[in-house]
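This structure is in structure tokens; I'll ask about it shortly.
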Amino acid sequence: MLKKIKRQVLEANLYLADLNLVTLTWGNVSGISREEGFVVIKPSGVDYKKMKLNDLVVVDLSGKVVEGDLRPSSDTPTHLELYKAFTGIGGIAHSHSEYATVFAQACREIVCYGTTHADTFDGNVPVTRFLKKGEVEKNYEINTGKVIIERFGKLDPAAVPGVLVAGHAPFTWGKDAYDAVKNNLILEKIAKMALNSLGLNPRLRQLPDYILRKHNQRKHGPNAYYGQR
Amino acid sequence: MLKKIKRQVLEANLYLADLNLVTLTWGNVSGISREEGFVVIKPSGVDYKKMKLNDLVVVDLSGKVVEGDLRPSSDTPTHLELYKAFTGIGGIAHSHSEYATVFAQACREIVCYGTTHADTFDGNVPVTRFLKKGEVEKNYEINTGKVIIERFGKLDPAAVPGVLVAGHAPFTWGKDAYDAVKNNLILEKIAKMALNSLGLNPRLRQLPDYILRKHNQRKHGPNAYYGQR
Amino acid sequence: MLKKIKRQVLEANLYLADLNLVTLTWGNVSGISREEGFVVIKPSGVDYKKMKLNDLVVVDLSGKVVEGDLRPSSDTPTHLELYKAFTGIGGIAHSHSEYATVFAQACREIVCYGTTHADTFDGNVPVTRFLKKGEVEKNYEINTGKVIIERFGKLDPAAVPGVLVAGHAPFTWGKDAYDAVKNNLILEKIAKMALNSLGLNPRLRQLPDYILRKHNQRKHGPNAYYGQR
Amino acid sequence: MLKKIKRQVLEANLYLADLNLVTLTWGNVSGISREEGFVVIKPSGVDYKKMKLNDLVVVDLSGKVVEGDLRPSSDTPTHLELYKAFTGIGGIAHSHSEYATVFAQACREIVCYGTTHADTFDGNVPVTRFLKKGEVEKNYEINTGKVIIERFGKLDPAAVPGVLVAGHAPFTWGKDAYDAVKNNLILEKIAKMALNSLGLNPRLRQLPDYILRKHNQRKHGPNAYYGQR
């Protein structure tokens, strides 16, 4: 199981880079084996093009390295917090993708302006609050996870598979590492279209709710009829 | 004939993806054999890179699958409505291309600001109204076709080979599937240039009518002299 | 001589396409043999990727085809007007490149906001007036050349190697076809940077004149010291 | 040592071009051998794709060519001023990258709006004043170096590895030529994100100082824990 997840996590990291969601070594993707309680994650500051399967780091949910010679991504504690709180997710992707990061920097939620957004995010893409001074100085990465969880409150992470950390950048997730990267790409695309839609009309309102719901349910509802069975 | 159209539809779908008008599995292209009354369309949710000729689905004008093992695009009923109403068209392309979708999201027609637009669209690119709640809840895709047809009224689909569905994205068409994709690309390009032209001058007016007409007729009029005979 | 120019014109047309200044078959590049009085130009509506040396069309300065089986670009008469009026130029490139076309559509000169602009254009990139109804209806392409020449007046085409035709797109020129394409690329780059500079500061003023002059002279003046001898 | 630096400088120049930070022959990268007092720099106006190791020019700190048949970049005197004043740097990259140049043209500092910026630049990216008439007319390139140094004052070039020259473009530096190019890329990315963040909110304020500091220190501080040891 772990072996399969390691391969998935490697491929998902390379996919993130291929999709131009990554500059240099920025970003990281992880996957979890829920049965074993192990998380596989990108090593810190390693070039995507040179990354090998054995460079990936395996940690347990307390953050202890159980496999691998390199140091795990410095964002590992954020991933672990999310895996512990969002028990249905199997993979997490973090990037500084250009347009999602713009909304994070402006501390502005991405309102659902169209069906492209509704197909994947069942409502606005939320933004966290800024971390407080004390939260930054100590356990910064853990607290980054905590403000995401705080922001979600009763929101369903399966219905809203991503978030913008204020002043920082997006985290997305999914049923596995690949799915998390796919949602990272989608978030980037809808962020770019939202930015330009607001350029055309700064007072643009949300897509009518019944259309938002319809598109989301067409893909994800109990009677979804998009794609193949 | 159907065989030829299947090949055309496959190539046109791949062309749509090559032109970067597509993210993931979004979008779909179809072609019609008017004699046989059959429409060939992309299967739903299938990766463009893995699509084979036999993955394409053939349906009749009532939507019944007559060939193919996969489910047709969920947007198939929209295509069928358009084929039935716009009897001169041979292919349809639907994408969520970035800039055309921005105008669709902002529910804003693309005014003709230059000869690039006039060369292909003889006037504004129209936007539909939003579908009503009842139209969304039942027969959503059929009704998407119907609001396009309603919006066109007396407009000539040959002179204006595309439309923006409010809050959704563009549909374009042409004499065959390839031509429909070409018009999808052109719509994307003129949308991007219109957005940026409005950025320079938010009160920009339409290109003088006589220049619009001249450019359109130079390519499409009875005395067209663009291209080779 | 003509053979050499034909090869140059072919390569320059392909270069224009490689630089992403071209969508589909839009745009055209020509070169002139001043001794022979012949102009070599792209055929009308032909795909850049399939263009061969023998597809190029040779015309004399009256527009008569002297070599080639295809029809020359529909913009040929514009090129001929420019060659006749601007006797120092050896090549012309016309594109609908995205950002230069935006300024053409907005009928807005590109003010020199930085040294990148000054390095190639010794002052603003001018915009023509709109052609009048009669000028469009009869001899449209000849009149397009004429309004460019009218706009230039005492401007030196060597110091300002390009123009924006109002509501249409850019024409650039140079000592040969390759140089004309190079200037087309530069015009596109400075247009994009000017648009975004105006986004940051809509009231942005021109670069101080003495810096503009210095940069232009560093590359083009009698004591130019940029590049190799 | 010089041989190693020549190879680094060649690769760094090619890397600058690969990263799309360069149009045509614009831009230049250099590296210094502090022991030998020699600077290796790109030749002036030479095509990146054709550049060979032996095309690079070696100059001493007075600007005298000590190796190479070509003329060094016309910006060489600017590089030399910076090497003399910023004694900790080992490489310099100059480009006209699109978005950094936009801020230079608008004479606007890039405020730190997010952690992406903070990770590399410990505070705003500064802009120089315009050079005065006399400074442009005589020793223009030396004076370009001098206004950068004047602008830096007590700023630490290691903490802020780049600058925008008013009306011109960015210069970045680093521990070697490769590092300088990397910072050029990062500057371009944060410039683009800053521009679009300001598009969303023209009155956007700086990232809270304690987050800026934290991110910068996470990568560069005495207890840095990003990357591998």
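Order of writing sets the labels: A, B, C and D. Residues in every chain begin at 1.
Quick note on the criterion: a residue touches a chain if its C-beta (ideal position, glycine included) is under 8 Å from a C-beta of that chain, and two chains touch if they have at least 3 such contacts.
Here the structure is a predicted model, which is why all the values come from computation and not from measurement.
With steps allowed only between chains in touch, the distance from chain B over to chain C comes to 1. When the CA atoms of chain A are superposed on chain D, the rotation angle comes to 90 degrees (nearest 5).
Centroid distances built from C-alpha atoms place B farthest away from chain D.
Although chain C and chain D carry the same sequence, what matters here is overlap: shared residue numbers make up under half of all numbers found at their interface. With centres defined as mean CA coordinates, chain B is found 33 Å away from chain A.
Averaged C-alpha coordinates give centres for chain A and chain C that are 46 Å from one another.
Contact of a single residue of chain B with at least two other chains is seen at positions 199.
Under the stated contact rule, the graph of chain-to-chain touches is a ring, a single cycle where every chain has exactly two partners. Listed in rising order, the residues of chain A touching chain B in the complex are 113-116, 182, 185-186, 189, 192-194, 196-197, 199-201, 204, 207-208, 210-211, 214, 218, 225-229.
Residue ranges on chain C touching chain B, taken from their complex, read 23-26, 43-46, 70-71, 74, 96, 98-99, 101-106, 108, 130-131, 133, 136-137, 140, 167-169, 195, 198-199.
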